[in-house]
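Below, subunit A partners subunit B and then partners subunit C, in two separate complexes.
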Partner chain A sequence: MNGLLKFSTKRSNWAIPYFIFLLIFVVLPLVLIVVYAFKDNSGNFSLQNFVKFVSQPEAINTFIYSIGVALITTMLCILFGYPAAYILSNRSLNRSQITVVLFILPMWINILVRTLATVALFDFMRIPLGEGALIFGMVYNFLPFMIYPIYNTMQKMDYSLIEAAEDLGAKPSKVFWKVVMPLSMPGVMSGIMMVFMPTISTFAIAELLTMNNVKLFGTTIQENINNGMWNYGAALSLIMLIIIGATSLFSDSSEAASDNEGGLI
Partner chain B sequence: MIKKIIAQSYLWLLLLMLYAPILIIAIFSFTEAKVLGNWTGFSTNLYTSLFSGGVRHSLIAAIENTFTIALLAATVSTALGSIAAIGIFNMRGRKRQTITFLNNIPMLNPDIITGISLFLLFVSLGITQGYTTVVLAHIAFCTPYVVLSVMPRLRQMNPNIYEAALDLGATPFQALRKVIIPEIRPGMISGFILSFTLSIDDFAVTIFTIGNEGLETLSTYIYADARKGGLTPELRPLSTIIFATVLLLLLIINIRAKRNSKKLINKQTE
Partner chain C sequence: MSNNNSIIKIEHLSKSFGDKVVLNDINLEIKRGEFITFLGPSGCGKTTLLRLLAGFLRADEGTITMDGKDISDMPPHLRPLNTVFQRYALFPHLDVYDNIAFGLKLNKVPSDEIEKRVRKALKMVSMTDYEDRDVNSLSGGQQQRVAIARAIVNRPKVLLLDEPLAALDLKMRKDMQMELKEMHKTLGITFIYVTHDQEEALTLSDTIVVMSEGNIQQIGTPTDIYNEPTNSFVADFIGESNILNGMMIKDCEVSFIGHTFECVDKGFGEHTEVDVVVRPEDIYIIAQTDNAKFTGKVTSCIFKGVHYEMFVETDNGYELMIQDYNPFEVGSTVGMFIKPSDIHVMRKERTCNTFDGTMLSPTSVEMLGAEFECRDCGLQAGDKVRVRIDFDKVDLLDDQEDGTLTGEVHFILYKGDHYHLTIKTDAGDDIYVDTNDIWDKCDLVGIAIAPDNMRITKRI
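Entry: the complex of A and B
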């Protein structure tokens, strides 16, 4: 009894319940994806799921198409989001805190409600749903996730560096390219993570925005799982996981995580 | 000056684009037409029929589920995550690295992977999917954010006050209650709010863990509705209410935060 008390009062042991929780609900499920991916329907070890993926042009086409959509969405988000974040964080261009709140607000509304609203807008304007609607809807959904991290890093930026560059005679464009741009890169990187990853794995949004005419990789995975093809679905998930792992190697993943530290409020 | 006008008009143009869909929904929530875009005169009938009549059961039940799941998941996540954060903070070396790494996985994982992996877990263990599995799944992806919001608070805390409390005769649990928790409370609160909103917002993890016994959250309801073709007209007033509530809450939080920081500045200058 005394030993148990001593064990429970040592504070480094307090993480043990959570550690066990993580093993059951994070590690084991991921292991299961790998296990299912390398099994055939009768439960024997096999590579048939991966062979199926490589030999079916449809699956690969969807895969490449999804990466393309995710890339375009991410680039459009940078294109529209970067200037917005710059203006929002610049005290001589924008003083009002309200505009900042208005840009962050959509992040707090259910993603399906937002998508539903986009579909409604297109219906209202008599614009047919399809590829264009898909890209617009994605940018609409994920733009705040690009603006927020860039805005955050720009706000923490040391303004004396910019002033120093100006004092030393750099032209405004040079100040931007040589000082502001490099300093804001960490924000852009975590913005890319926050936009690219969800867009590449999205499924329902694409379905709603294109009336199920355009298929993304996430939709393919979901269909397989729903139709009881768990092994093939798991193999496709594993492929997606590898792609995303590769993406996060490009940007420092711990940075993306620590950006969330203060919460999104 | 011209620069500022251009900058401001860019911001407001972008905001107009971002809010156009929601505005359309809000405007057409005040008319009765089944199809969106037809204006059949002003009416608040959709609002009244949202809270009474046939649609009430399914849509309101879905919202109730969404909120109770979020409340349960956020509460458990906050407790589990705060205690874990204290533990991790007092760990050293490889052990600490391992658990921090594991803690990062759910945040970096795309939702669909989290959903499918948990689906496979519940299926393999033969657990029937329903309310409990959704709550468990939400706890799994919310807790890491609680750990991350409590950690900085622990770092800012003076480590000696906990030892002082023990030296003065407090039991470790008294010291936890009277010393540590008050210090980390702001981190716990923002972790709770974050978990709550993440849970409400979630679709991908929910759809894979909700089973097929008729349980619906707001997300799965909209999804099922949209798949069937026409959208329930009552979703329009509902979205409008959700939107207005969130807008109001965020504005209040922000105005309060501003007032508090002003107070702080005044105090410091006095």
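Entry: the complex of A and C
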């Protein structure tokens, strides 16, 4: 009894449930993916799955296409999201918290519901579904994830830095390019991570908004696994994971350069 | 425009934030090359004045002229002055060199000259070899030096400093004060300095502007301000002082704490009520009582490093603060005297409360936004009246509900045997009260005035 009490009051032991959770739901699946990826159908070690991926133009094309869509989505999100975040955080342009909430509000609704609604809307307005609709849907779904971290960094920015720049002779445009812009980069980096990573692997939006005409990498993985090709699917997943991992490494290093904490992560 | 030696002229400058008047009709002329300090407690408007000069705020009224040119509406980036910010405001994404070069790069100064000037500025603030350091890795004092270098490298005509040393520890602050003074001498430009630290102001400045509640109380050299304060606020704020009620009997003769003293002040008239200021170090204290001017008992004695700070209660009940190199035992009887030249006489700003009001009926008067009962003195409803109430005839009540109106203790002045309080009513009027009770600043009080204590006269 005494031992149990000691065990349960020791602070570091409280982490054990989470540790077990991580082990079962994160580490184990990852290990399984790696193991499956390097095995052929009969369970022998081989690089067959990767050879198949490299030699199949269709898979590589889907892969490149997916990255392209993710890049375009991310770019558009920055393009629309950055000015929006700037306006929201600027005291003289926006005084109310309500506008901020309105921008974040779509995040409260499930992504599938939103996408289905978009499909219905496009049908109603007789706009053909396809690539354009796909990009629209992606940007619409992920824009809040870009705005929020940028807004957050801008809000936390020390206003006296802007005054200091003005004081040293910077006109408003220079203040933006020399001070606001570089200081908001951590937010932009967080935003990119929040948008780019999930967009690579989305498939629901693509399926619904293109009537299954456009195939993204996520769809390919899903199809393979659905059709029982576990090993090939695992290999594709692993490739995608490495790409996403690379982006996060890239933004990590740029974030470490600045003390200004970014947004959500 | 060098026909006169003033560089900045501030005329009728006013600024309010919402209902709160932060600066009220400020007029000030700043001389070329001087070290001028805006000194006052927090909320006195000194920082607002500095921000108006820098251009971060626009005045509601009034003009700022620099070298004969009206700069009131000029945006900050065009003004030929630079600011050292209180919390440094260094750009975290740039290293020391780029921080300092920021202004020069914007002005398209050739890069070899930038390098020369940055190095010179760094040398000036004793930060040579720190060019490549990340500003976040610097200590507070070092960051402040970089902030100063960043401002002076642009060779501004005027350098604004907003409490630049407030975040540093005492030792560092003292060192930086000396360096700033040295820097001011070397650069020869005008320094406008904001601080709430009176000692800092006295040490650094050529001219001190003492401010309180959006008004300038006094402008003068440190010695003027210390030795000849114009009113009890300045006397109380700058250094330690005994502020006492007194009576000017005739030229060079003033009576206070129950004795008549010789002094050097003239021109107050005969039998005029005045405020008398005596600095604690100017009261001589001796063990013998025979040939002393007046006597008293030591009630406390504290060692302050250089001197001892003692409180002495005089035989007729006044408490005086005295500083002396020699300690006197608590409870011992001592003799004291004051030299005529150490007695500073100030005209009283007021001798009683005066309010304008309107009679509501023969026995009630409306003033300060409330209705007061008064004695019938033959006036009719609607008559415009002036009401005078002596300071000691205003009653302060613990329970706000009991008063005719409520207010907050705003300023406390100890006058040797009583406290002189300024009470700000909820409507923003000031009521002055003499009391023996101890109140704290910001205490909420109820205010009552007995009908017999109001002297009502008709306004013409």
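Criterion: the second predicted complex is superposed on the first by the 250 of 265 C-alpha atoms of A that agree within 3 Å, B and C clash if a C-alpha of one lies under 4 Å from a C-alpha of the other, contacts with A are read in each partner's own complex, and residues count from 1 in each chain.
One rule holds in what follows: contacts are C-beta pairs under 8 Å (C-beta built on N, C-alpha and C of every residue); 3 or more make two chains touch, one makes a residue touch a chain.
Just so we're clear, the structure is a prediction, and the values are computed from it rather than from any experiment.
In the superposition on chain A, no contact is made by A:M189 with either subunit B or subunit C.
Contacts of A:A204 after superposition: subunit B is touched, whereas subunit C is not reached. When the two structures are aligned on the shared chain, A:A84 is found in touch with subunit B, with no touch to subunit C. Contacts of A:L216 after superposition on the shared chain: neither subunit B nor subunit C is touched. Using the contact criterion defined above for the overlaid structures, shared-chain residue A:L134 touches neither subunit B nor subunit C, since it reaches no partner.
When the shared chain is aligned, subunit B comes close enough to touch A:I111, but subunit C does not.
Look at A:A59: by the touch rule set out above, it reaches neither subunit B nor subunit C. More residues of subunit A lie in touch with B than with the remaining chain of the pair subunit B and subunit C. Subunit A residues in contact with subunit B (one complex) as well as with subunit C (other complex) are 258, 260. Residue ranges on subunit A touching subunit B, taken from their complex, read 9, 11-19, 21-30, 32-33, 36, 80, 83-84, 87-88, 90, 92-94, 97-99, 101-106, 108-114, 116-121, 123-124, 140, 143-144, 197-198, 200-204, 207-208, 218, 221-222, 225, 230, 233-234, 237, 240-241, 244, 248, 253-254, 256-258, 260-265.
By the touch criterion given at the top, residues 158, 160-161, 163-171, 174, 178-179, 182-183, 258-260 of subunit A touch subunit C in their complex. The touching residues of subunit B, counted against subunit A in their complex, run 3-4, 7-8, 10-12, 14-15, 17-22, 24-25, 28, 35-37, 80-81, 83-84, 86-92, 95, 99, 102-114, 116-121, 123-124, 136-137, 139-140, 143, 145, 147-149, 151-152, 172, 190-191, 193-194, 197, 200-201, 203-204, 207-208, 218-219, 222-223, 226-227, 231, 235, 239, 242-243, 246-247, 250-251, 253-254, 258.
Partner subunit A is touched in their complex by these residues of subunit C: 54-56, 75-78, 82-83, 85, 87, 89-93, 102-103, 106-107, 136, 150-151, 154.
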